[in-house]
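Just so it is clear, A, B, C, D, E and F label the chains in written order, and each chain counts residues from 1 on its own.
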Amino acid sequence: MHILLINPNSTASMTEQALASALRVKQPGTRVTATNPTDTPASIEGGADEAMAVPGMLSQIRKGEAEGVDAYVIACFDDPGLHAAREVARGPVIGICQAAVQVAMTISRRFSVITTLPRSIPIIEDLVVSYGANHHCRNVRAIDLPVLALEEDPLQAERLLANEIERAKKEDRAEAIVLGCAGMSVLCDRLSAATGVPVIDGVTAAVKFAEALVGAGYATSKANAYDFPRIKGPHGRQPISAEV
Amino acid sequence: MHILLINPNSTASMTEQALASALRVKQPGTRVTATNPTDTPASIEGGADEAMAVPGMLSQIRKGEAEGVDAYVIACFDDPGLHAAREVARGPVIGICQAAVQVAMTISRRFSVITTLPRSIPIIEDLVVSYGANHHCRNVRAIDLPVLALEEDPLQAERLLANEIERAKKEDRAEAIVLGCAGMSVLCDRLSAATGVPVIDGVTAAVKFAEALVGAGYATSKANAYDFPRIKGPHGRQPISAEV
Amino acid sequence: MHILLINPNSTASMTEQALASALRVKQPGTRVTATNPTDTPASIEGGADEAMAVPGMLSQIRKGEAEGVDAYVIACFDDPGLHAAREVARGPVIGICQAAVQVAMTISRRFSVITTLPRSIPIIEDLVVSYGANHHCRNVRAIDLPVLALEEDPLQAERLLANEIERAKKEDRAEAIVLGCAGMSVLCDRLSAATGVPVIDGVTAAVKFAEALVGAGYATSKANAYDFPRIKGPHGRQPISAEV
Amino acid sequence: MHILLINPNSTASMTEQALASALRVKQPGTRVTATNPTDTPASIEGGADEAMAVPGMLSQIRKGEAEGVDAYVIACFDDPGLHAAREVARGPVIGICQAAVQVAMTISRRFSVITTLPRSIPIIEDLVVSYGANHHCRNVRAIDLPVLALEEDPLQAERLLANEIERAKKEDRAEAIVLGCAGMSVLCDRLSAATGVPVIDGVTAAVKFAEALVGAGYATSKANAYDFPRIKGPHGRQPISAEV
Amino acid sequence: MHILLINPNSTASMTEQALASALRVKQPGTRVTATNPTDTPASIEGGADEAMAVPGMLSQIRKGEAEGVDAYVIACFDDPGLHAAREVARGPVIGICQAAVQVAMTISRRFSVITTLPRSIPIIEDLVVSYGANHHCRNVRAIDLPVLALEEDPLQAERLLANEIERAKKEDRAEAIVLGCAGMSVLCDRLSAATGVPVIDGVTAAVKFAEALVGAGYATSKANAYDFPRIKGPHGRQPISAEV
Amino acid sequence: MHILLINPNSTASMTEQALASALRVKQPGTRVTATNPTDTPASIEGGADEAMAVPGMLSQIRKGEAEGVDAYVIACFDDPGLHAAREVARGPVIGICQAAVQVAMTISRRFSVITTLPRSIPIIEDLVVSYGANHHCRNVRAIDLPVLALEEDPLQAERLLANEIERAKKEDRAEAIVLGCAGMSVLCDRLSAATGVPVIDGVTAAVKFAEALVGAGYATSKANAYDFPRIKGPHGRQPISAEV
């Protein structure tokens, strides 16, 4: 089984970190590769960043389809372009936010999310609603640190996160924590050990769900909404599907 | 006041039709111009088409910002990239789906939407939910005609739409109809006359709401979610905001 | 175009203030007049006040219909009798709460409302839910000042509102503020300047939306729910429609 | 215990019918009286009718308060002025729609409502949502008969209702039926016998709930929203509370 | 009329206390008896306790059916096995949480619940959502006291509850309080007197609703979901219905 | 890794069928065992059957805990006792309904469920709501066949299911189908091949999710709601936790 993990931003070190998280949990028989577009924002911090990242991400999926990839993981917590990606791919496409939320709904009754910048809070809240978890998610919190600062000063990030988890336990009665950024992946186990509640990393969750779906034989439905993009007539640029 | 109407797809004839709808209703003192990217899909029929259209649309907004545009109308019923566009623009950005839904909630208690292809139904349903109209919207219907066919055979489109409106009146008890594609704009008045219920065109609604918001002095909030895109460090490509 | 602005309470100075707000933003070609019933409560502070105000307000609409009014604005933030008014009128009827909420959903992702008395909070919360904005509205707050006190001590009102806006920014991460009382209309611009977030006045929003809807040619649907009131048989008093 | 049943419309024969339904089920120690305003519409068929009926209904409650009434039942299925009435009354105020919905949620998992005119369907749907029963209520149906026609031709009404109940059983899998008009009260038992499902009459339900609440010692909370209407200053007309 | 009050846990003193609450409010003509299974947990503090209590509770209902009981009250605030009980019984089955919530929605616009242990908060929140009261319920709070400690130190319980009610009034703007445990029943009146807001006890509410429903002639619908349990073929154990 | 699959009913042939489905998809390193209580109903067809099955199921989990089981799958589509089971277990507990719904939300935008008896429809609808999938699930359908009849006449079951899937595709625009009974597990692949849409079996989905969660290192949160059942004092029977 070949899972392609796509970091939609162009920061290769984040791609490597996500890959490391994936390799740590994958089954022996699974091949996980990771990639990132090179012409996208260095980090995804809002809707415009998302929008600029998605075409490059779809190109990676298109390449993956040619190579026979079985499932894709989109390693950005905003799940940018998730529906679009599912139109392009044959196999399952897993967003790390959706996967983490599904884990949180399975191992706890109430959870909180902790992300980087406050501007991402409404984006994540809307995702949580669309994934049907609004009654389960107590709060979406932010440590007010830019995405790239997670790598630059991991100790500060860990301290801020540990602090915010303690507040979520106390103020939200959170029973589990979802880390709201792919770049927080490596901190997961230590935070869980330090705080005594399950701390869920979306990359880990998504890779395992991708294995599960492929292992069960499930592929993206091509009936209606997730059908391949339609090929248009002679005007303008062909949509991505034309090349599939 | 300068309103820029952006058709996110690359079909110039659709841009012209939307412009004509706008010019028909604009106030004397309003200047409406229209544009479309040239490197985007010929029509927007699903999430992948949307994704491929948004960066080009954001470029048009960036140009508009340099020219002092006061408000933007995104002339595609999926409201692609709406949140992203609001991050990039200073003035209000109006999506034609959101505007049409707000009109429908004001002049009726229950309405139905009629779009082109069935694959767009879940997309529009999710938009309707996110705009808070799910209790007001009885149904999202489709006439099963590709977007570009609206122009190729307008008589057939009108016949199919009139038929579907009658079904919506009878089966949904729809009190008003929202046309779910910018390309249906010109048919609005004749359909309303033929069926006896208000038929709402999003382009018309959005242009008038843009005038209203600018006239009232409202601009996009730059506090938090719709703040300008953040400028990143040295890695990778600068996000669109870097050039604003 | 003739827009009739109706203040449902009987305090003429509030009617004048609302008219001033309307005149400040209306288009050159729009005629705005304002009126209030004289037999209604001096202010609307709860459901019973609303109920006592609505018949007088409907009489004003009935008169307006005879004079060819094109659209109505109900200048009370509880939107009292909004559905009833739409049954009586041919043109659009805009409630200032609904209009303000629609503006807030367009120029921000999360907003808070600030009203006068705490007893109005559940009323406004229920309106926000019915307008589909519950995921966008973070909080409904009150400065605990009666409606008429806004006029009696405008400086105090402004100070309390400015204070509450700062709390909404900090505690709610509100990106825009909706002022939850027609009597706060004049304070809008100064509060926005002082606090740095858009502060939305429902009267302003509603007048501009009324212009927009009439300008677009939209009228209230007379199919089903908003049809004119039915004329009854010989028993009892004729409903308002009998005289239309 | 004294329960005052108020028919908000001015048709005395409907008041008598509702009273008969109440007397049939009341406890021995309960005194039920019934009244209707004389200056209100002959039937309530839409929001404007509701609005014209509420001030007269509130006057009856004010009189009831002077006479020491313990609880009120508003005998119109739109629950007109329910929140206003609760502000004016000390004891509980029961709306027949809310009471019937609460019964339906207790004795079945899924129910349908059948009312008179189609124009009332959205009104009732919105009530059902506000009472939290939207997941339990499968459908709101109408037999397309004006309210007063129920009395004029009760056999036709019964036939139409029986027919619609059978459709609700088959098409909605309705497990119970709520009759959506006070004027259908007398048909309840025969319809239940004929169709084999519980048929719930709001007047019956509300009278019994009024007895229950008074018997348990519960009164309307006067903290915040349902506090008595505020007495205003010297301007304009005193609100109803001034006379309480 | 015979109402059987079932305390699902095995602590007889709690059964007696609930019975006392019931006897205090029942009508003269009503016979209330109370029982508890002897093989169930001593208190219900979470989902596993609920699960272990339900079969014993269903046995009590089965016995009640044989004795001609008219209605049942389940005297545990988690409403354990409520749907199951309604399948087994002919008459209405009232859960004390659902009844208390229905009272709270009738006599206030916003209420809070106060329960014993924090672990029960998500359970009660989910019940509140399923009863359609999530917009009316501001908060579910806990005093962090085990159920059995309510009896062991009633003075401490009362002090903690009074304190928490004051916080709910201030922080939640709660207009009424629902006590979230059958064991708090006796404290209701004193807490209401001390805090000045209605304090609602589910046992009281449920007994009165049971009287109301039986008095109105309503029984559990046997169409579809609440039909008697099906009798199975030769394999395995007969379900409870086999013996009815 | 040891996964224990528990069929809550007492029909051993259904347990074997579920085990076969599990063995077909499990990873090489996973040990799956299956069991069923012997004192529970022969099939779960409603809430009373569920209630009678849960204590026996919890006993199996208690035994599993003693044997070091890593995760549990509850092989009944009503997910009976799911929250209770999570309190008793250390590892993840997966309900087949929740797992199937999560798969359906990942590989399609709109799906329908097809179950056995109509009486289970409201139960499943409520589960779908509680799992946050109500906007994604178009319909819950039933083939009106008892659970045990699936085994007795598998050809008839397959024919009825294929028929209902075609109706779901046409009437619901369902893009994927969830089979709403563990006993339909073996028919999954053939139905998918015959109808051309993904047909999702909960047993398969749940086993793969159990592997995924254990593989990722996630266990049930013991903070708050899913904490082990509390041990009570001297009165009454000890809850299940007492023996853990």
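One rule holds in what follows: contacts are C-beta pairs under 8 Å (C-beta built on N, C-alpha and C of every residue); 3 or more make two chains touch, one makes a residue touch a chain.
A quick map from chain label to UniProt name: A, B, C, D, E, F = Hydantoin racemase.
In this text the structure is predicted, and so the values were computed from the model without any measurement.
Counting steps between touching chains, the shortest path from subunit A (Hydantoin racemase) to subunit F (Hydantoin racemase) takes 1.
Across the two candidate interfaces, B-D and A-B, the one carrying more C-beta contacts is A-B.
Centroid to centroid, with C-alpha atoms defining each point, subunit B (Hydantoin racemase) and subunit F (Hydantoin racemase) lie 43 Å apart. Put simply, the C-alpha centre of subunit B (Hydantoin racemase) and that of subunit E (Hydantoin racemase) have 51 angstrom between them.
Looking at subunit B (Hydantoin racemase), residues 83, 86, 109-110, 118, 121-122, 126, 130, 134-135, 173, 224-225 sit in touch with two or more other chains.
Contacts between chains form some other arrangement here, matching none of path, ring, star or all-to-all.
For subunit D (Hydantoin racemase) in complex with subunit C (Hydantoin racemase), the residues that touch the partner chain are 9-11, 38-43, 45-52, 54-55, 58, 81, 83-84, 86-88, 117-119, 121-123, 126, 130, 146, 148, 224-225, 227, 229-230, 232-233, 235-241. Residue ranges of subunit A (Hydantoin racemase) in contact with subunit C (Hydantoin racemase), taken from their complex: 118, 121-122, 125-126, 129, 134. By the touch criterion given at the top, residues 25, 27-29, 83, 86, 92, 94, 98, 102-103, 105-110, 130-136, 169, 173-176, 189, 196-198, 200, 204-205, 207-209, 211-213, 215-221, 223-226 of subunit B (Hydantoin racemase) touch subunit C (Hydantoin racemase) in their complex. By the touch criterion stated above, subunit D (Hydantoin racemase) contacts subunit F (Hydantoin racemase) in their complex at residues 109-110, 135, 173.
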